[in-house]
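Chain nomenclature is as follows: A, B, C, D, E and F, assigned in order of appearance, with residue numbering initiated at 1 for each chain independently.
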Amino acid sequence: MNHWIIAPIVLPAIMAPILLMAARHDVVLARIFSIASSVALLGIALALTTMVSDGIIVTYALGNWIPPFGIVLVADRLSVLMLLLTAGLALAVLLFAIDGSDRQGRHFHALFQFQLMGINGAFLTGDFFNLFVFFEVLLIASYGLMVHGGGAARTRAGVQYVAINLVGSTLFLIAVGMIYSVAGTLNMADLAIRVPKIAAGDQALLQSGALLLLLVFCIKAALVPVHFWLPGTYANAPAPVAALFAIMTKVGAYCVIRLYILAFGADAGVASWLAAPWLLPAALVTLVLGMTGVLAARRLGQLASFAVIGSMGMLLVAIALFTPASLSAALYYLLHSTLAGAVLFLIADLVSRRRPGQDDAMTVAPRFAQLSLLAGAFFIAAIAATGMPPLSGFIGKLLILDAARDSANPALIWSLLLLTSLLAIIGFGRAGSTLFWKSTGEPGHFPAAPESNTLSLVAIGLLLAGSVGLTLFAGPLTAYLDATAEQVFATRQYIEAVLGNTVLEGGIL
Amino acid sequence: MEFLLSSAIGLLTAAGVYLILRARTYPVVLGLALLSYATNLFLFATGRLVLDRPPVISALANGYTDPLPQALVLTAIVISFGMTAVIVVMALRSYLENGSDHVDGETHSEDRS
Amino acid sequence: MSLALIVILPFLGAILPALMIRAGRNACATSTFTVTLLAFLLLMTHAPAVFRGEIVQIRWEWVPQLGLNVNFFLDGLGFFFAGLILGIGLLIITYARFYLAKEDPMGSFYSYLLLFQGAMVGIVLSDNILLLLIFWELTSLSSFLLIGYWKHLPEGRQGARMALTVTGAGGLSMIAGMLILGNIAGSYDLSVILQHKEAIQASPLYLPALLLILGGCFTKSAQFPFHFWLPHAMAAPTPVSAYLHSATMVKAGLFLMARLWPVLAGTDEWFYLVATTGLITMVIGAWIALFKDDLKGLLAFSTVSHLGLITFLLGLGSPMAAVAAVFHILNHATFKAALFMNAGIVDHETGTRDIRKLGGLMALMPISGTLAMIAAASMAGVPLLNGFLSKEMMLEEAAHTAWLGHDWLIPALATLGATFSVAYSFRYIVHVWFGKPAGETPRHPHDPPFGMWGPPALLVVLVVLIGLFPAAIAGPLVATVAGAVIGGPLPDYHLAIWHGLTPALGMSAVAVVVGLSLLMAYTRVRRGWAAGPHPEAKAIFQGTLAAAVRLAQFITHGLHNGSLQRHLAFTVGAAVVVGFAAFTAATHAPGNRELLPATPVAVVVWSLLVGATLAVVFLHRQRLTALIAIGVVGMVVSLTFVYLSAPDLALTQISVEVVTVILILLALNFLPKETPSESTTGRRLRDGIIAALAGIGVGGAAWAMTTRNAETLSGYYLEQSVPGGGGTNVVNVILVDFRGFDTFGEIIVLGIAALVIYALLDGATHGAVGRKLAAWAPDQKRAADRHPLMLVVATRVMLPLALMVGAFIFLRGHNVPGGGFIAGLVVAIALIMQYMASGYSWAAQRMKVDYHVLIGSGVLIAAATGIVSWLAEHPFLTSTFGHFHLPIIGEFELASAMAFDTGVFLTVIGATMMALSNLSRIGCLAESLPLQEAPMEPDLRNANEKAREH
Amino acid sequence: MEFFNELLVSALIVIGASFALVGSYGMVKLPDLMSRLHAPTKATTLGVGGALVASMVYFLALNGTVSIHELLISLFLFLTAPITAHFLAKAWMHSQQPTDLPRPEKHDWSTFESTAHGNDKD
Amino acid sequence: MAHAHVSGEQPSLLRRWFPHPLLSLALTLIWLLLINSFSAGGLLVGLTLGIAIPRMTSGFWPDRPNIQHYGKAFAYVLLVIRDIVVANLQVAFIILFRPLGSLHTRWVCVPLELTNPEAITVLAGTITMTPGTVSCDLSADGKALLVHCLDAPDAEATIRDMKERYESRLKEIFP
Amino acid sequence: MIEYAILYAYVAISAGLLFNLWRLFAGPSTVDRILAVDTMVINIIALIIVYGIQMGSTIYFEAALLLAMFGFVSTVAYCKFILRGNVIE
């Protein structure tokens, strides 16, 4: 029995209560525990990566109850990739946070660990009600992290964030109910074999349930028109939290990939490729609106938020094409945009802290400490975020363009993708020029950096290095991602891994 | 019976939606509470309506209702309880911070959407 | 390998200047120079092979799935451009060392310059068009840094952003073009693409690809109508202008057109697009240059004009024109770089670049003046200088080219361009170096140090030498390069000064005569020009950009106005649309399940729910009342669960209700007690419609599903509950066993909720909020007694009873309705009753348990129960149970699920108590209430004792 | 015997239900809160009491065991009903501030006068 | 959970383990009735809880009174049950048949001699549960009880009745 | 015979519940509304017990037990809110 699969869930689930009980009053101890846990998570994710890299799908039947009756965890290339990304991002973000922001409120580290538990659980579970539970775990932890440190604007945004997500959770349950009411199962693999057999008269319930569930995932993924929560949330969340949230939108994207290829994909009979006609237009609008927001942004945090929306649009365009090639491109872009989005928030925060009174507003203000360093970091991050060469954003963009070539409407997709890139370039250029160039001509000085921020800079450096790494190793990476995408599309393999190889012939029920 | 339950779910949903679209945090909280009743009943109803056949194994029982939706609803009730508690306290904190319980934190405002 | 090194060296070397600047400015410049020199020498080692017509290649795989690979190849064209880039680079580096002022950060200048240089070399050596794209965009980025180098100057920043925007846009267009091109050819490798002329030109995608690629080339090479960014890029330091905007970057577009010439040129599309654009650019650029008073402005527009000229030549599509183009690229690079450096010298020495303020400098700066004269004369096309030769070739080609059947049009326009060219070139000579000094210049000018005039001098020597001995000096190079461009046999041509009395000579003569007359009548011409319209590109560009930003802001901030009401309306609206659309799009059949009759009691209970729900909606402004009405809803829901065979749910719902009510009341204490009426009727109507649709949707779905039958997994749970899970309460067995993992997550949610609440409330006790809280005044009058005696007594009696009930519910849960969650709530409510009756402080003193520890240990116990299964080689949360027999006690059952349920139990108590007690703590802080020793009013114990004392 | 049991159970159910109805009816009929307070706190208490006794008798006859749940329910109701009424009355007194109350000798009623140590903010 | 709130000298071992033996016994009994069966195991669990719960909660009930006469207490309970039945009939009659105008609704102030909080609570509870009377408030010094009467033609008689019927009995039960 | 008694009980208790609902709407004071809800709880307890008798099952009694315990807590909390604003102080 291989228990490593559940370690990404159990480890933070144990670490958080330990932090609560043992390290509640000792911030140093809490930091050590928290970092240790994150490093261990990274190690586990790497180990799992090697485990699944030869293409096997490992399952874990909780409570030793055979699926579909018990809950099952599934580690395949895709889920492990997400775990790895989460662990890497978490470690960088944590480094940034322990430079001081973790002390602005209570229980940062415990909430952080719980958040990781929720995210990892969402990536691993093969049961869509259990997915709901993990969504709630990651959401409620995110509520806490979102308002960490308090403040008028932040708590206000917090209320909005919570309210929207509670509506999302409500919708999730309704959708799950509709699907269960006709499919009679909660296991994703089992659902996949039942969907094509569902009676014509039940299709309306099934499909509207499935599409409402898609809407829920799209709320998480910040797709227009259910993206409204994102700008306020990200712009007002503490920087490390906003950076960590870069993975939260990907949870939504992951769920779309997982469920709508597995259960509503090629083999779903009349419900085949159910998500595609809805997803693609929405994703294109999201892309345009996001990058328009980048151009319109008045604060750096706002710019980063809209860049995240835009990148989600781009990502979901690639997903919505629902081909192995487009999925591979989407996964590459997913890795890239998570790192690029996260680092922008961290940079925005360092800038903001150095300009008391002006914060991250795109206004001209006197020079501040470490201007050149941050300008350099911003320049690189902007290159990544706008998809300029030579960083990973460019390769991601090329991959998506390449994958969109065979779609129904390549001209539209291409022109939108490229035009929005231009919007992003202009927007980022404007921001950088105002914040870092214009300000050098301004008389006066802001006080020196308030505290040591070596770790913050290391965190930023790590994330940027991640983008560089994605670029340098784009070859082997895309090969791996191609295999990952193939595996996701090879739904029989998944179903057999979960339910055994007899189900496809005879079936359990 | 099915109609009564369905219409009740519909009404609770409508009332909940109407309230979450109000401008103050308190009605939003109430609306969310109504919505969670609606969803819990809805999820419960996926097990279909069955009289006096509780899923407790007994020699005397003449049948059982679907236990799974009940377990799911239980989980959902607990989770929505936690969520309600959080949004109530968050609304309170926001009120203390902003001096207003407007959902957008404004001290005086009309509709803004 | 060494080929790749030529590209990589500048990139690697880019870090050197930044490091070396600490060792001084000379070390900094020297290191840059050395790196460039090294690259240049490396390039030269390939010269023999290139001149032999060989192609040097290196190939590394990078992203093979995409066809993006690190493939370089070196042929004549690449060699020529790389030599130009590195050679002129060396001169520029030397020149810049002296040009840059002390306060200019030289380290970053040279770093940027090397980055740019690397990118340029990358473009010209790439054998993979995707790789080429990367370098292409890198030149945009590094030139952005170079143009904005003087970041304190608004012109620099604006110029940089304009250049980035235009060339960036072109780059994006080219991405698309290249992807199409590669797709047609089946490879992104140039060496492959260049073999597929027929396939490419026959493809229906040829025109889109051509348009997109030209979009990139024209923007980069400042072709009309994208020419406007180039003059504004002149805000850069002069070495940058000389390097980027005369010799290298602007030639990237030309390079690419030349590179793809074998496969793209020769069609009508190509001719009309490229040649026309080039010709227009040539004429307009020259015309504008004539009226520029800024030396660098003049040179910039002149560059635009010459780029147009070369584009025109490439557009003609004939091998002969291609040769001319190649030759002119070389010539233009020499005289224009020299002129830019010369302009920089003038600026450096006099402190101004305004031609109107300059004059008669020849006397003061003879060396610079001489160099300027020669270079400018070459630009004008004066014989014996290299500019003359290639211009003649251009005019010759123009002379026999027709445009849409008009054979006079092109020769006329070409002559016109040449005329203006003569005029502005001589203006550069006459108005700056001759005539009387225009007045006081900011500085007293004299010839600069050799380091500054040496590089242009070297170029001027080339200008003269090529002019005199074209075949000897430039012949092999031009042949090699032109061969690479044409990709086939070279045409029959002669690089010579004299070709006889050709039409070109005539046109040239006309140009010189008319051009000089124009200059003589300059004041009048200028007046005429001044009377006409002068669209200011910068203003238009910035206006357009500002308008775009405003539009973006209008959309963005108008849409994202931070209104939760809007967000939720959109979210619910989307759900309604998606739900209904999906439902109607798919097939639906009404259910055939036998329905349960609606009993009168059910109807009454239903009407309670309807009534209470309506009460909530219509009385929602009276907050307490609405809460009371919600309580009724909760009660009816509980009753529904009782009625429909779900006792566990009923118990849970009842317990949760109470805690929720107390929690909301605790918060409501601080909140306004009434909701103001602030929605318009229209808004209420809109919300009402959304709400009604949502209600109809969800209710309809409920109806659809409850009226049909379905097969589910449930049979298994009912069968396995006793033998497999050891309990008769199937719901509980599902919760702690079959789907215990859900429950594990669920208690964690509850635990987190408590932590979040704790953090939120703890944060409210200090800082600005804490002060507000301390100054808080209740908004309703208070009754006098805090702890009414009867309540205190009753709750004290109830506590042990309630705990007993809690224990009972906990222990029986596995077999009959109950379990850890409900029991936890029962215990928590029993304890909260003590808080309510006797007060927070008093009760808290008696509850020495830290709720953090309770939550933590609850989660840990649950997790430990799961982990223990590992020891038995079973998955997480595998349960075990057994029936044991002990003397006296008899038969009893122990299940590991009970341990798990204990974790649930503890977490629930901890979380509930943490939330409620912290809320009440806030209340006590806000009211600064003192602790009552024996809380009971009237306080009879105290009174009795006092009476006894007396 | 069986008939007697049935009769007893039926009678108890009918009595209990009747009192429940009367209690709730009183709540509608009586003119002011203090009067209304009498109706439910009494009638419904016996109403539930009747049903509970009916239930105990029924299950005693059915299973031959005494069911304790009913007793516990009664216990809780008897413990809590007076407190509920007390609090409703106090809440009413506090919000209506009636002027026709009789006054005790030295001090006012607890709702209006505090004997606790320390002072509240208001 | 709560720790014993102990003051003064060290109590005996027995006293520490069984601070309220009667309560422990009662709880054990309730447990046995809750589980609806009698077995050694059930008794053991019941005893454990019966001992543990009073210990855990003793802090919340610092001055638990000792009932002196259990017989009288039992008799009192029977009396109250009888009165409750009568009260319900009377109130039902009032609600159903008496015209509202004919009611003598009034407040009365019942002076108290009881000083024990538990006793006062029982009295107030009794009054609420019996004919047409609701205990509404205590005076701030605990020396009077405010009672609302639904129909009390003679206030003095009503007060006298309450004091004689209940308070005097309670004085004997609670010392 | 019991069936008729139960039927009668249902009708009577239902009528009682409707009266309660009317009081909930009519008020006039908040205290009246609390009283209405409190009475509703009592009636619902009765309803559950009668239902238990009808079904011959004791499985529903814990619901009545908890309602009896906690209906009181809510009512006191509402009143305490009116009296003191702060439910726990």
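Simple rule for what comes next: contacts are C-beta pairs under 8 Å (C-beta built on N, C-alpha and C of every residue); 3 or more make two chains touch, one makes a residue touch a chain.
The structure displayed is predicted, hence computed values, not measured ones.
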Checklist line | Touching both chain C and chain F (chains) | finding: B, D
Item checked: Smallest number of contact steps required from chain A to reach chain E -> 2
Item checked: B-C compared against B-F, more contacting pairs -> B-C
Note to self: Need the most distant chain from chain C, centre defined as the mean of C-alpha atoms.
What the structure shows: E
Next item on the list: By CA centroids, point me to the most central chain in this structure.
Entry: A
Next item on the list: Could you please state the distance in Å, as a whole number, between where the Cα atoms of chain C are centred and where those of chain E are centred?
Entry: 72
Next item on the list: Could you please state the distance in Å, as a whole number, between where the Cα atoms of chain A are centred and where those of chain B are centred?
Entry: 28
Margin query: Between chain B and chain D, what distance separates the C-alpha centroids? Give it in angstrom.
Written below: 31
Item checked: Distance from the mean Cα position of chain F to that of chain E, given in whole angstrom -> 23
Notebook entry, point to check: Touching two or more other chains, which residues of chain F qualify?
Noted result: 10-11, 13, 15, 17, 30, 34, 59, 62, 65, 69, 76, 78, 80, 82-83
Next item on the list: For chain C, write out the residues touching at least two other chains, lowest number first.
Entry: 562, 564, 566, 568, 572, 599, 627, 643, 647, 668, 698, 701, 705, 710, 712-713, 717, 738-739, 742, 746, 749, 752-753, 756, 760, 763-764, 769, 778, 782-786, 788-791, 794, 798, 801, 805, 816-817, 919, 927, 929, 937-939
Next item on the list: Among the residues of chain B, pick out those that touch two or more other chains and give their numbers.
Entry: 20, 25, 28, 38, 40, 42, 45-46, 52, 54, 56, 68, 72, 75, 79, 82-83, 86, 90-91, 93, 97, 103-104
Notebook entry, point to check: Of all possible chain pairs, which ones touch?
Noted result: A-B, A-C, B-C, B-F, C-D, C-E, C-F, D-E, D-F
Check: chain E touches which residues of chain C in the complex?
Finding: 784-785, 788-790, 792-794, 796, 799-801, 803-805, 807-808, 811-812, 834, 838, 843, 846-849, 888-892, 934, 936-941, 943-944, 947
Checklist line | chain C residues within the chain D interface of the complex | finding: 777-778, 781-791, 794, 797-798, 801, 805, 927-930, 932-933, 935, 937-939
Next item on the list: Please name which positions on chain E make contact with chain D in the complex.
Entry: 30, 33-34, 36-37, 84-85, 87-88, 91-92, 95-96, 100, 103, 105, 107-109, 111, 121, 124-129, 132-141, 143-144, 146, 148, 150
Check: Where on chain B is chain C touching in the complex?
Finding: 1-30, 33-34, 37-38, 40-42, 44-58, 64-68, 70-75, 77-79, 81-86, 88-93, 95-97, 99, 101, 103-104, 109-113
Notebook entry, point to check: Which part of chain C faces chain B closely enough to touch in the complex?
Noted result: 561-566, 568-569, 572, 593, 595-599, 602-603, 606, 609-610, 613-614, 616-617, 620, 623, 626-627, 630, 633-634, 637, 640-641, 643-649, 652-653, 656, 659-660, 663-664, 667-668, 670-672, 675-676, 678-680, 683, 687-688, 690-692, 694-703, 705-707, 709-710, 712-714, 717-718, 721-722, 728-731, 734-735, 738-739, 742-743, 746-747, 749-750, 752-754, 756-757, 760-761, 763-764, 768-769, 772-773, 815-817, 821, 911, 915, 919
